[in-house]
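Chain IDs A, B and C follow the sequence of writing; residue 1 opens each chain.
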Amino acid sequence: MSEYLIELKNISKRFGGVRALDDVSIAIRPGEIHCLAGENGSGKSTIIKVMSGIYTPEEGEILVDGSPVGRLDPIQAVHKGVQVIYQDFSLFGNLTVAENLVLNTYLLEGARRMDWPRARKMAREVLARLDVKIDIDADVESLPASGKQIVAIARAILAEARLIVMDEPTTALTRHEVDALFAIVRDLKAQGIAILFVSHKMREMLEISERLTVFRNGRKVAEGAMRDFDEPAITRAMTGLELEDELYAPKIDAAATPALEVEDLRVPGIVNGVSLELRPGEIVGISGLIGSGRTELARALFGMENATAKTFRVSGKDVFPRSVQEAIDLGIAYVPEDRLSEGLFLTQSIERNMVVSILERLRRGLFLDRAAMRDKTEQMFRDMQIAAPSPETAVGNLSGGNAQRVMLGRWLLTGAKILLLNGPTVGVDVGSKAKIHRIIRDLAEKEGLAVLMISDDVPELTGNCNRIHVMHEGRFVAGFHGADMTEDNINDSLKALR
Amino acid sequence: MAAKAERKPLIRRLLGEDAAIIQLAAITLLIFVVMAGLNPDKFLRYYNFESISYVMPELGILCIAMMVAMLTGGIDLSIVAIANLAAITAGLYFRHPAVAEAIAAGGAGVVLHTIMGVLIALTVGLAAGLLNGVLIARLRIIPILATLGTGQVFAGLALVLTGGPAIAGYPQAWTWIGTGKLLGIAAPFWILIVVATVVAVVLRRTHLGVNLMLIGTNARAAVFAGIRSSRMILYSYAMTGLMAAIAGILLSGRTNSAKADFGSSYLLQAVLIAVLGGTNPAGGKGRVAGVLLALVALMLLSSGMQIMRVSNFMIDAVWGAFLVLVIAINYLRSSR
Amino acid sequence: MRSLQSTEVVIAAVLVAVMVLIGLINPAFWGVDNLFSLAKANIVIGIMALGVLLIMISGGIDVSFPAISAAALYITVRAMVALDYDGVLLPFIAASVIGVLLGAFNAFIIERFRMIPLIVTLGTASIVRGLVLGLLGTSIVNINKMPKELIAFGKQDLVTVTAQNGATVGLTAMVLVYLGVAVVMHIVLRHTMMGRSVYAYGGDPESARRAGVNTRRTIFFVYCTAGLLAGFAGLLHSSMIWQANPRDFIGLELDVIAAVVLGGASIFGGRGSVLGTMIGVFTLVMVKNSLILMKVDTTWQRVVVGVIIIAATAITAWRDRKKLV
């Protein structure tokens, strides 16, 4: 018997010309809680897919229980006890909890018959084992995120997992739910099941993990027992940079008319009375969990929700955008969280992606003014320092950072005065991240834009904002500025949320 | 216009950089060469191409209409029904005693009433297209089902209006649209050229066209970018309906009759040609030039096979096989 | 599951309401002869609808099944005539096999080349119809030439009653065939892993793949089964109307898809049930066949079917409304 449950040795994997994994090794012991940390694009998700047999590496060796497995395929991986819980949980919303729980197991067993009584029995048992109460006859789509996650964990247990890989498991959970999750994880450990957390939120990982592996740019840069690391050390390993404490300290003219004044903004059931003021040159941060209403707040400001407010003033004028078009005309811009599905037109050119929101203004009579279109695009293409052969390049070929700069360029072309950013550097590599932060700061400082920055990434907020609100259950529950605005204070505030 | 675009060779600008279209041009040429090689004396006769130029436009316009619907990831299964309904409504107008009398009297009245008839047909097409647009864009019914339903309604109304048999006896000016000649070229062919040019310009040079492409590429992102999606989709189906009505005028003009179930095989052919022409049925991609090339390819193929006395049924089968073949080629090319 | 059941309740309620309405307009609706002929009219379209249901649950759509049905029945009957063979079992097997093969063709193109099912099945329909009409001709095999045993099979009655006007009316035994197919289909969908895989695939193909569903086998199962049912229904139709017409079922895809949608299946996949589909088919057939009873000119039939499709889809669109933003 080997010391390790699963060992990946000297794995390399490339996609086209890109080396996603470069000679990396990771080993997991039975029943340990292991954390794999790394920024987006560090190769975390690639190694998960190698481990679960979805990708075949070009080089390297995979050992399970000390014996090498030649080519690991997904079915084999499941037979070896590897279960992955993806961020989207991979559940079937149209099927009941019980069926979701047993489907993998039945398929694994090669069953031909759908044994409903056994399914319900197994479902009840496994949920009892996790000590949670979920209606096994409910359709999964009716469950909240935390419920779905429990179903996903229970499903992995039923499939006789010996290693459960969880990809960013805490993103959608409140602190209370995270505690419940950790209790379950400890329980699993006690039952001899190993857990691999894959995350970039190290604070939570510090709490629970025993061992740590850190990836950066497709290489392993650190590993060891968790007690040998502290937070700055992990951050250094992940980013390869010393965090520079160059805070954003703009000179705000307190007498200037606020770019945006909102009082008692409500979206039924989600945003419960938010008041907010944004002055030109300010970068205001919003921290909060998924489901805290932060995204809906931004969408309401962008005219996308059926919202009400006591006051809604843009540059001192009473207006209330009722549609995206009205919001754009008022100089409001929104960079959504999910750039790929909500932001970009991947198969279309950079030019079209940039001018999409000013097409109406580019009309000359019946036709588009193509010369003006090209001029504007080329200028923005240069201003945003987009690394691409030309504005004709399809956006799908760009890296995350370049794509995000296309999004920013689109809104600058509309002449936006208020910039709502939701997760501005999600999926952006470290170098590009700094570049985007620089652009945002310049826009605020030099162009006088008012920026609202929503982020999961607390250091991103403390490093770039001059004020930060913590949002929970549709309200601002805490506010920080000046010397109070430290990572610790904000993290403590987030932790206190129930 | 900026000079940059002009520098590209003309052929490049017409065909684009699209590999699918270049491939299609090659296929078209190949078909032409093979057919010409197999029956040089019959296939290469002027008469053959002339007759193609009369039959092709009505189908061609339906194909372009289908392509426009597909740009946003939709489809319009009601175009043939709209075409027939439009032609029948105009036919009923000509049958009205007062109108029939005026037409019989000849003179300027004929042209005037024919213009009225055209306007009526176009209005019917536009209204039908708007109905589709409202169902799809506002009520959010998925296009396949919405147009399946409206197609039945339109065909049903056509049946109710005619009671079953074909309507005949269109005025001469009307049949001229389908059979006449202008500057030595078939009148319907001119209409195809005009429609194709207008649609190509709309798609490339107007904000409606660019918006439709963007909506088809990513409907969610279109909302976040402030595109008035439902209005644009509504316009696209209105355009489709209008084009279907034009096709109906050509069809009834050419055959001097209109019937509720005319041209039912056109529906499949329109889908087929649109897809062959490089239109992505999932949306976001489609060019008039590609559709026209596919149209010419299939018309040459059909006419060549007709000359070889292959039955029309077999020609249908070959068209279907062609579609499957192109799906396979496109897949293999894109996955390379 | 619960939501499905409630969907079925809604459809059933609509059905009952429409029946009451038609009965009020013309009490002849409730006559035994009318009800028997209604039941008969359900059989072929119902069996086809069960195939389409399967495809819709998997998230696909099929417009080639009428062509497949016509091909299966015509090839089989022509072969029987040519070989001078008479019988029941073997021909039905033959027709079903033809259906399976054509369904496998659909599945192959859809699975291998990742093309959307609507386009693929449009192409298949064109190929199949073209080849059958082009190679076998268009002549109808009528009652004189039809194999006698096939006719005898289709003629069997389950019960016969004497109607008020003295005529004897029978309920065709083919109703049992329909019910049998429906029960089997229900069991497959509800109680086999293959059936559940279809729901899983229709719900989320990517998750299904990750869960270990053999997606290729699922797609082949779906389209082959639909083809089988189409082929079988085609020959059944032929034996019930005592003739074989290669042009049969043109345009029927609209009615069948309408019936399945009316029965609560989601065109986005993952939802639909046998019972709901049967109720949907019954509703559609009943409305179409009752127009005469309601003294509506038959030329209005298509308009009515169209309006039903639009209404049914508007309702399901409202049910399935996925917020776009």
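The rule is short, and it goes like this: a residue touches a chain if its C-beta (ideal position, glycine included) is under 8 Å from a C-beta of that chain, and two chains touch if they have at least 3 such contacts.
Quick caveat: nothing in here was measured; it's all calculated off a predicted structure.
Of the two chain pairs shown, B-C and A-B, the one joined by more C-beta contacts is B-C. Placing every chain at the mean of its C-alpha atoms, the farthest one from chain B is found to be A. The geometric centre of chain A is 46 Å away from that of chain B, both derived from CA atoms. Chain C has its Cα centroid 31 Å from the Cα centroid of chain B. Within chain C, contacts with two or more other chains are made by residues 325. Touching of two or more other chains is recorded for residues 304 of chain A. Under the contact definition stated at the top, the residues of chain B that touch 2 or more other chains are 220, 223-224.
Those residues of chain A lying in contact with chain C across their complex are 74-75, 78, 84, 86, 88, 90-96, 99, 103-104, 106-108, 111-114, 116, 137, 139, 304. Residues of chain B that touch chain A in their complex: 1-2, 4-5, 201, 205-207, 210-211, 213-214, 217-218, 220-228, 284-285.
Of all residues in chain A, only 304, 324-325, 327-328, 334, 336, 341-348, 352, 356-357, 359-360, 362-363, 366-368, 370-371, 374, 410 touch chain B in the complex they form.
Chain B contributes residues 75, 135, 139-142, 144-146, 148-157, 159-160, 163-164, 219-220, 223-224, 229, 264, 268, 271-272, 275, 281-282, 310-321, 323-324, 327-328, 330-331 to its touches with chain C in the complex.
Looking at the complex, you find that chain C touches chain B at residues 61, 109, 112-116, 118-120, 122-135, 138, 250-251, 254, 257-258, 261, 267, 297, 299-310, 313-314, 317, 321, 324-325.
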